[in-house]
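You will see two complexes here that share chain A, one where it goes with chain B and one where it goes with chain C.
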Partner chain A sequence: MDLASILTIEILGSVAVLVLISIGLAVVFGMMKVINMAHGEFLMIGGYVAIYAKNWAGLNFWVSSLVVAPLCVGLLGLALEWLVVRHLYGRMIDTMLATWGISLALIGAMTMLVGNTTTGISTPLSSVTIGAYSVSGYGIYLICLALAIFVLLYGLFRFTAFGLQARATTQNADMVAALGGNPRRIYSMTFALGAALGGLGGAALAPITGVIPTIGATYIAKAFITVISGGGAVIAGNLSASLLFGTVGQVFTYLYTPVIGEVALLVAAVVLIRILPKGITGRFFRRSI
Partner chain B sequence: MSRILQTLALLVVLAGGMALPNLVELYTVYEVTVYVVMALLALSLAFIWGKGGIMCLGQASFFGLGAYAYAIAALNFGPGLLAVAIAISVPTLFAAILGYFMFYGRISDIYVGVITLAVSLILMNLVNSTSGPQYRIGAAQLGGFNGITGIPTLAWPNGTPLDPAALFRLSLTLLVGCFAAISLYLRSRAGKVVIAIRENEYRAELLGYNVALSKLVTFSAGGALAGLAGCLFANWGAFVSPTVFALVQSAQIIIWVIVGGRGTLIGPILGCIALQWATTQLGTQQTIQVNLVLGLVLTFFVLVVPAGIAPLLAKCARAVTPSRSRITAKEKQA
Partner chain C sequence: MKINRRQTLGLLGSTAVLACPNILSAQEGPINVSALYDLSGGLDVYGAPIVDTLKFAVAEQNRNGGLLGREIELKVFDPQSNMQLYAQFGRQTVLADKPAVVFGGITSSSREVLRPIMRQFNTLYFYANQYEGGVCDRNMFATGVTPGQTVEKLVDYSTKTFGKKVYIVAADYNYGQITANWVRKFTADQGGEVLAVEFFPLDVTDFKTAISKIQQAKPDYVWSALVGGAHISFYRQWQAAGMHRQIPLSSTTFAGGNEHVILTPEECNGFMVCQNYLQEIDTPQNAAFVSAFHKMYGADYPYITELGVGAYQGFKLWAKGVEQAGTTDRMPVIEALETGVSVDGPSGRVQIDPQTHHTIMDVHIARVQDGGLVPVETFSQARPVDTAMSCDLIANPADTTQYVIEL
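Take a look at the complex of A and B:
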């Protein structure tokens, strides 16, 4: 019984990690049909901002990871959207390549600034005991955080004026413009939101993994697979794909090694894409957000 | 006319290359060899992406698989033709299996890009994790992060290994040969279907061509070519490590093609050689990170010169040869 609940928490934990690394990418892909190759670097910079805000500015970990990191990375996203991405809307492949260039440039710039070493930060919560086992309290916090992100995003897209306009822009940008909306502004806000979510995720994961300028590469394979397999609907797609791949990955990690877990995740994704070429929400939950 | 000129140019390059090891010192030959090997890799992506329209962002997968397959085969069966055959067939087979899922699943370009990229990253993690002594294939210790060292150099059938000059000549001959073979293939009926699919996949399918099969063949051939480049690379350095699968490696191949010119075969080769030289120069100083420069170059080209340099050069060449441009203008009028 204890083992079962521990395993459940472990699986939910790896689902939460997938959500945290991919939800920003899912927002940008779902709402704008843009694959942001620099998303891994947004995660990386989020982690650095959180660490430096805590160590240098002396801020509380929760403030620096939940407020400062998303804010800074969101602003960075806004700037990059204005500089590069807005010139390429409608050219999916070119957007992907240009953001890949940004990704490389950010890796290079951060390496010059902080050097090619891992910076760590201590886990702020102690472990929790369940029967004969103990789980990390921070892992449970990550599960709650992922859940909170889903609830807030659902509220944002479902109940606010911005959410309504954003969903309308996804369906028909010209019609939104004709009705007096401003798709340009919606796009840049959405991109910034995606970047901020990346910053939040990166900061939340920093205590577990540490941060190094090249850490984006370890995240993005999984993030891309999750988003692509989820399909067009941001929340339903991301939740279903994260649940599926988080479970597959964690079960294989438990049985073999973390790397085998990753391989299993990829194989599952390639098979899934053969069966459902438009992702899970291309076939199921099509009318959801 | 242009066909004769092209053949002539290829023969000149080949002849010049054969003579090069006699003219310059050995170290330069050694250095130039890696340019040629990478040019072969650039050619593989120029073929499948520029001509075939398959956006493979993880071409490094096949390059790395070729390098590792050669290393493992050479350590087990000796550095002969069998090792080369294995080095080419492993990535080809891998590309065929991956391509089956992608092309018969009819997924869009973007998804192809993401899947191929993810594959290369996960291959890197997989190989990185093989550091224990239990990870060995026959006589070859995989070595994890440290890679495989002391890979035996390709040998002639009589058993003497190729010297650096011979390796250079072999690499250049293969590059020129593959270039010519691809050019010829693209003029054939099957090759024209490849171009047609790039231009309009839907129309090609409605005209009765088997789009998925054609893409699968193109993709596998590109994998074979990249694997061959990987095999030569393992020969060149006698060393292979998981960084052959790295994101930066895949990015570099893309950058060569973008800078040189998507849609041409010669552009990516020139772009590869120019950028290889530039990054080597950059690597000698410490202040500016190579990734920063490569990233900015990629973003700049996508934004400002999306067609790449080769079409730009061709335009300039036409501008300075007025007689020909007048003829084409007349042809257009007629």
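Take a look at the complex of A and C:
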């Protein structure tokens, strides 16, 4: 029984990690149909901001990871959207190329600034004992954080004026403009939101993985797989894909090794995309957000 | 045409000078020594301290008049924890710099990249790291400790102190795999039991499943042969899961990259390690070494690592071999070293074992305590018994095999 609850927590932990790395990408892809290749670097910079805000500026870890990191990366996203991305809307391949360039530039810039070396901080929160086992309290915090992100995003898209306009812009930007909305502004806000969520995710994962300028590359593949398999609906798609892949990966990791777990996750993704080319929400939960 | 004696001599002399400008300049110029160590990427935790001690060793040698009256020039390359760059820089330096000796390689995979290149270009190679043992190659000298010197002692100690059941977590490449087999063998020799062995690629940072599996198996202690910056996450997550106070941990890789300084005392106090060098060793040689080192790098230098001192002592052995041979040419230096050259290094006496080209030296079991390593037990002049089981370079000088343990 203890083991079952431990396993459940670990599966939910893997799901939470997938959510944290991919939700920002899902927002940008789902709302704007922009494939942001620099998303991994948004995560990386979020991690660095959190660590340096704690170690240099002496801020509390919770403030630096929940406020400072998303804020900084959100502003960076706003700037990059204004400088590069907004000129390329509707040109998917060009956007991919441009954001890939941004990704390489950000890796290079961070390597020059901090060096190609792993920086880490101690994991906050003490352990939680369940029967004969104990798990990291921080792992449980990550699950709660992922859940909170879903709730807040749902509230934002469902109940605010911005959310309504953003969803309308996704369906028909010209009609929004005709009705007095400003799609330009909506797009830039959405991109900044996606970047901020990336920064938040990267900061939250920093105590577990440490940060190195090239760490984005280890995140980006999984983030893309989750987003593409999830399909068009941001929240329902991301939640369902993360649940599926997190469970598959973690169960195989537990039964065999971490390497087999990764392979199982990728195989599951290939099979899923073959059966459901438009992702999970291309067939199920089609009317959800 | 008539040529007198004076003209003949002048002609011969000038021809000789014209014909051998290379020899002349080579004799006058500095002796090149190349170093290839990862100064960036996941293995920089090991590489940076090694290059620091090598620079220190070269500076010390030059201050004392160099070698054979010539300056030594250290050429440092950073292969960025990338095996391809090891091959590229290895070839580049032996061809362009013609070094008298190459120091290089941290992981066993990088050593196996460099070793054939050094043989191909007839360049003497020093591998100064602790590793899994068994490399039998007359062109290479291994000045680090091997499992027969450290793993065996630490397994004995852990089995007696903590108990017979061990759970092994190891890096997934030749070093981790072979070292895990040595732990299996020595545990079996002690009548102990290996509950499970789990391997992790060098870029794995998520260990929560491994930690629950360990909790489920309930070992008496955990053996870690984890390697590199990413694997430091294991120790953080071990503490975060509250396991650090419950199950002891022994390792011959921990502290090699100053993990005990990077992590907080709460995360690693009490881990057991076994090394050739500890900064705490209480001898006049070590005190002099540490104070000279701190003079060069500042007293706030983190901790002088075993790997760094391995390279320092390797350099000293090579320099002694060169002095004894009277030349930097490869074969005479190898033959001089094979007479069983020894130096009194910071870790004590270090002697070349002619049969294996490994070294005989002291090893210490130590406990991690507040950013330092407290010696617990010392074994004087341990021999590389593991490699000696299968390697005999006196009988088979042409051998180039790496012998690995068969279970």
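Just so we're on the same page, the second predicted complex is superposed on the first by the 289 of 289 C-alpha atoms of A that agree within 3 Å, B and C clash if a C-alpha of one lies under 4 Å from a C-alpha of the other, contacts with A are read in each partner's own complex, and residues count from 1 in each chain.
Following the convention adopted for this analysis, a contact is a pair of C-beta atoms (placed from the backbone, for glycine too) under 8 Å apart; a residue touches a chain by one contact, two chains touch by 3 or more.
Predicted model only: the values in this text are computed from it and were never measured.
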| item | value |
| --- | --- |
| Which superposed partner A:171 touches (first chain B, second chain C, both, neither) | neither |
| First (chain B), second (chain C), both or neither touched by A:87 | first |
| Contacts of A:139 with chain B and chain C, given as first, second, both or neither | second |
| Touched partner set for A:101, first chain B, second chain C, both or neither | first |
| Chain B versus chain C as contact partner of A:109, first or second or both or neither | first |
| First (chain B), second (chain C), both or neither touched by A:257 | both |
| Set intersection of chain A contacts, chain C complex versus chain B complex | 111, 218, 257, 259 |
| Of all residues in chain A, those that touch chain C in their complex | 3, 6-7, 10, 13, 17, 111, 115-118, 120, 122-123, 125-129, 132-139, 207-210, 212, 218, 250, 253-254, 257-259, 261 |
| Chain B to chain A touching residues, read off their complex | 55, 57, 98, 101-102, 104-111, 113-115, 117-119, 121-122, 125-126, 128-129, 246-248, 251, 254, 258, 287-300, 302-303, 306 |
| Parts of chain C lying in touch with chain A, wherever the complex brings them together | 40-42, 44-45, 80, 172, 198-201, 203-206, 208-210, 212-213, 215-216, 229-230, 232-233, 236-237, 239-243, 246, 262-264, 267 |
| Chain B-facing residues of chain A, complex | 35, 84, 87-88, 92-94, 96-98, 100-109, 111-112, 217-218, 220-222, 224-225, 228, 257, 259, 262-263, 266, 269-271, 273-275, 277 |
